[in-house]
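Some structures are shown below for you to check.
Each of the two complexes below includes chain A, the first together with chain B, the second together with chain C.
Up next, the complex of A and B:
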């Protein structure tokens, strides 16, 4: 009975397709109050005064909170962010006040009547401006902030929140061995996750002190811990519930609305309060995707072997760090892309600006640096006069090579990138030419990109699973993983079914997370769920099997080692016709006379990340994740050389999945990633006015890729097992996005015969690059 | 969520609508006429609109008419964009309406709302400008017919309390050969970099544009320049582009120079089409 490798329908499929699936803010509960935020209209300004008198008079208003009412600082890495701005605002959209009222309308009306006086301050408008000596400071008190972790190095009296250094090999030697060098600069804007479900939370404080939070979160256990820490609550008294999440993409990892909902509820004697972002608030007030500026210099021998790389990445973390230093770290760890380079110098700097702040976003920084590296590789290929795909294959990382942080690569830890490139070339017909003239000013062009990704979890991240039986012998699976779209809980059921050798439809999964009853899963992020949470049911299954066998051994009067488990039965190896069914064992075994032995059988399994280290501050040496997923991607466009417009024709991904657990879900995940990547490549970007205010805060002017604009998607997998992962399966959830903006820009650079080193690539940006803006 | 309280009226007749407006206005309620209401919702929820009352015109039969009447087409102001594209009585207008917002919104947005709302592009107006149509306008104590060019010239000329009841388009205009080209930043459904409507009448063509300036326009001077036969197409286009009736937009959708580049390109292609 095989479960792994087959197409299993996701557990929540019927609820979703019939519209019955429930998300955090779907249930309107009688008696719940409504909270609304007032946000900053300035990117950087001193708050001179906040007058709530008129607002307090609006009927239905129960409480109004400002920065003075919650003088704490939050942050996963550096504690730098107040829940409500105090003293000054640091970005357009920053929450300044919070109104609690009987209805949402009244809360909005009151929020509109709060009079805030601001004194605008000079704005830090880009990371390169931020690091200039005379730049205004976004955080004057940086040196006084508490660090939530050890390994972060803010530079006092600057806008630099962290700097990660990679020093590998001997740069002088690298440049000496290089016959050809290329140098280029890159700029990538900030953008947003645009999850279909905007963020929402609900809080209630019971008279006995129990705090109940319901939140649209990828990290309910972080919510519990952070609320407990920030507000001095006993951790056991905080319960966080997370129903299905309507898309996270990293945006629902930070704890934001949960803290506001708690503060709101506390202000009204613990009554239930809900808060839900509008789309505009979700785009700008809540954190989005990092911006990046980079300088890359590559050196290679004349026969195309990479010898040296010097890279500076300035991560625009915006007004607050949130996870920004870890984004910089992730970029540093994998800064070269999946290529063998012996000599690497890299500074990845996490920089404050007066932009909306950044948090994790699908790809965790990898999409951004990959754009820079892969564009630089195409420019190197041109300088060498070599084929871009061939250049990548020649330098593709293989077992025995070391990564920028000096981790030795094995077949298990990375898979087979060369095979991915080969298959990609065949899939998209690379040999027919990267640029084909179709006549009438239209050309068809292809671009490629490689990618790799590892994770950057804490070195002690944990995950667990609890299993119980129903009296019919079926299993209930309870895990703290959040179901935010990729079908993770179905994957866990699949892994368990395979191990138990039983039908996956007989495994019932609890989709909602309740931190009081679910075993902890660190966070549903980093494409780590298959690995971390997936190892837990394997151990839990072993635990179950051992218990089932020991009670069956009593009942069948045989040694446990003679017993085997499959298809909800335990049977004698030497005589499978002698068996007992799970249903007769798992809630205790009853002898024909009525006497009973055993009891309820429950399984438990957990996993903790192992062998991970923090990075050496001077050289970057260290291991941040258990393994890499590698792959190759391509985009094909049809480009109009007369007006610089283009159409997406095909997009392809070949990646080494280790083992494809669920083919259709895997294809869907990769395709979804590619679609997002095309959005980033072609249109998604925040645009600011001269004062740092975001101008496109709604989906009218901030565009994502729509149905009808999608290319044909090609997806294929290699299967080089990751031996320490469940059934050899690597994490693949984020990866479809990583190389796509690079491949798109490579295709369009080839099509337009100009170097496109900024995102997004629009007809106007190509026109600008090509003509310098001539009419 | 609309944060303020407001009253809702749905009159059954033109005169009732006008009367209600006068009454609400005198009470200081800052009333607004509306058709589909999509813009009221999107503006009010962002605190960009503040009104004490709205008057829904969809209950007035004349505003809902969409028909042929003798040698005219009658297009009620509260007819939705999707009604127009489905009936297809005026193909160029269908094309223009079919590219405003997405289909869900086209089922809400009315032709009158598109023209009288605050969004500057008003693409439904372009074919109407080319047809030199007549507009039936109701106001306090009057029901008047004016040329579309009186209704709109670099801005809307409606007095407080007035609303558009119908557009009356001569049928012959609906039958002219036409061109509709909409160029956007990078997305099919978006505000225009340029939206161009053109018709060919007795060998020369008329042109109306949106997306270039802060208002849609038809420029006779540009038309004259483009219809010249004594100079090269390149020169005609170059001259026409220099005749913009106002500053060119420079915003998140596109820079002013890029818009002009796109206009030039589009006019060159249009010239080829017309000559071909």
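Up next, the complex of A and C:
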């Protein structure tokens, strides 16, 4: 009875095609009050005064809160963000006031009547401006802020929130050994997650102090801890519930609306209050994807071996850090891409600007630096006169090599990248040439990219699973993993079914997370769920099996080591016809005379990350994640040399998945990531006016990929097991996105015969790069 | 002509049932369906006509319920995802992994279902034109394309 490796449909599939699936804001509870935020119209301004008199008179208004009413600062890394702006606003869209009213309409009307007087301040409009000596400061009090973690190094009286340094090998030697060097600069804009469900939360405070939060969150356990810390609540009195989540992509990790909902409820004596973002609020008021500016210099021998890399990454974290320093760390940790380079100098700097702030986004920084490195590699290949795919294969990381943070890699930890490149070349037909002239000014061109990704969890992140039996012998699986799309809970059921050798349909998964009853799962992020949460059911299954066997041994009068478990039975190894069924054991065994022994059998399993370290502050040495996902990607375009327009033709990914647990789900996760990557590569970006205000805050002006624009997708997997992962499976949920913008820009650079070092690549940006903007 | 002035009770035909609802003239059909009838299959993805997550059928045609006033729906036949009773597109979405988070799914199902009723032999280009009204942020559209192709052209499959 195999579950692993087969196409098991997600547990909640039929709920999702009948409208029965419930997301946070689908519970329409009568009597719930509604909260609405008022947001800042300026990117940087002093708040001179807030007048709520007119707003308070709007019928139905129950309470109005401003920054003065909640003088606290929040942050996962640096505590720098007030839930409502106080003193000044630091980005366009920042929440300034919160109105609670009987209806949403009244709350909106009142919010519009709050009169705020601002004095605009000079705007920090890019990370490179932010680090100049005379740049205006986004946070004057940076040195006074509390750090929520030990290993972050804000630089007082600057806009620098953190700097991660990689110093590996000997740069002088590296440059000396290099016959050819290339240098290039890159710019990547901020953009948004655009999960189809906007963020929403509901809060209620009971008279005994119990706080009940329902939230569209990827991290309900963080919500619990953060609220407890920020508002001095007893942790056990905070319960966070998360039903199905309508897409997260990292955007639903930070705790934002949950805190506002709590404050709102507190202001109305604990009554239930809901708050849900409009699309516009979700795009700019809530955090989005990081921006990046980078300078890369690569050196190689004339036969194409990489010898040195010098890289500066300026991570645009926007007005607040949220997880920005960790994004900079993730970039530093894997800064070279999956290539063997012995001499590496890298500074990854997390910089404040007056842009909407950044949080985790699918790929956690990897998509951004990969764009820079892979574009630079194509420029190096051109300088060397060598084939870009060959250059990558020559330098692909292999067991025994070390990473930028000096971790020695093994085939278990990094799989087989060379095989991925080989397979990719065959899939995409690389041999037929990277640029083919089709006549009539149309060319067809291909570009490639490698990628790798490790995780950046806390070194002590945990995950657990609890199992109980129903009296028919089927199992209930309870874990704190959030179901936000990738089908993780179904994966856990598959892992458990495989281990228990039983039918996966007999495993019932609790989809909703309730922090009071579910064992903690750190956060549903970082493609770590398979690894962390996946090891927990394996241990819980062992726990169950041991208990089932010991009670069966009593009943069957045999030693436990003679027993085996499969198909909901415990049987004698030497005689499988002697068996007991789970249903007769798991709630206690009853002898024919009625006497009972045993009891309810319950399984426990938990996992804690091990062997991870923080990075050395001077050299970056250290181990950030347990293993790397690796792969190779390609994009093929048809480009019109007359007007610089293009069409996506094919996109390919070959990834070392360790083990493909569910082929259709895995393919869907990869192609879904590729689709998002093509969006980032070809169109997605915030556009600002001259004062740092985001101009495209709707899905009409901020375009994502629609059906009919997508290429044909080619996906294949290698399976080099990660030995410490469940059934050898690496996390793959984020990875489809990582190399795609790079591969697209490489294809278009080849097609247009110009270096395209900025995203997104549009016909206009190609025209600009080719002509310098001259008609 | 039908007029709604101030808070009024009106009657709608939703999923083949007559339902009375209290509305303000400015209420959108999306809000009425969700808040008064508990039909939360239609989702607010943008409330600006850009994403299609709120799509329902009005007299069999896909309409973005965030752009239609409830008052305008009087006298028309409304079908929401909850009113699809084992429509072939539902199984096709399940069998083809046509969704991940599922938030866009109701909207896509309604468009696909209407397409299969109105243009059962729709060419690829027509299908794309219809489905371009909707956004899915999780899948690559490959799965949705496969699902809708299962229910189109059923007649010419052997």
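Everything that follows uses one rule, which is that the second predicted complex is superposed on the first by the 775 of 775 C-alpha atoms of A that agree within 3 Å, B and C clash if a C-alpha of one lies under 4 Å from a C-alpha of the other, contacts with A are read in each partner's own complex, and residues count from 1 in each chain.
Here is the rule we use: a residue touches a chain if its C-beta (ideal position, glycine included) is under 8 Å from a C-beta of that chain, and two chains touch if they have at least 3 such contacts.
All values derive from a computational prediction rather than experimental measurement.
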Item to check | chain A as common anchor, with chain B and chain C clashing or fitting | outcome: fit
Checklist entry - Which partner does A:708 contact after superposing on A: first (chain B), second (chain C), both, neither? => result both
Next on the checklist: Between chain B and chain C, which one contacts more residues of chain A in the superposed model?
Outcome noted: C
Next on the checklist: Quick one: is A:278 in contact with chain B, with chain C, with both, or with neither? Answer first, second, both or neither.
Outcome noted: both
Item to check | First, second, both or neither for A:619, with chain B first and chain C second | outcome: neither
Checklist entry - Taking the superposition as given, does A:674 touch the first partner, chain B, the second, chain C, both, or neither? => result second
Checklist entry - Which partner does A:17 contact after superposing on A: first (chain B), second (chain C), both, neither? => result second
Next on the checklist: Let me test your reading of the model: by the given contact rule, A:773 touches which partner, first (chain B), second (chain C), both or neither?
Outcome noted: first
Next on the checklist: So if I put the vertex at the Cα centre of chain A, how wide is the angle out to the Cα centres of chain B and chain C? Nearest 10 degrees is fine.
Outcome noted: 40
Next on the checklist: Between chain B and chain C, whom does A:600 touch in the aligned arrangement: first, second, both, or neither?
Outcome noted: neither
Next on the checklist: By the touch definition at the top of the document, which applies to A:485: first (chain B), second (chain C), both, or neither?
Outcome noted: second
Next on the checklist: By the touch definition at the top of the document, which applies to A:664: first (chain B), second (chain C), both, or neither?
Outcome noted: second
Checklist outcome for this item: Across the superposed arrangement, the tightest C-alpha approach of chain B to chain C, in Å, is 5
Checklist outcome for this item: Footprint intersection on chain A (chain B / chain C) at 105, 278, 700, 706, 708
Item to check | Sites on chain C touched by chain A in the complex | outcome: 24, 34-35, 38-51, 53, 80-82, 84, 90-91, 93-95, 97, 99-106, 109, 128-129, 131-132, 134-145
Item to check | Of all residues in chain A, those that touch chain C in their complex | outcome: 9, 12-23, 25-26, 28, 105, 193-198, 244-249, 276, 278-279, 484-487, 664-665, 668-669, 671-672, 674-676, 698-700, 704-708, 710, 713
Checklist entry - Along chain B, where are the residues that touch chain A in the complex? => result 1-4, 45-47, 185-191, 241, 251-255, 257-258, 260-262, 264-265
Checklist entry - In the complex formed with chain B, which residues of chain A make contact? => result 104-105, 108-109, 112, 278, 280, 642-643, 682-683, 687, 695-696, 700-701, 703, 706, 708-709, 760, 762-764, 767-768, 773-775
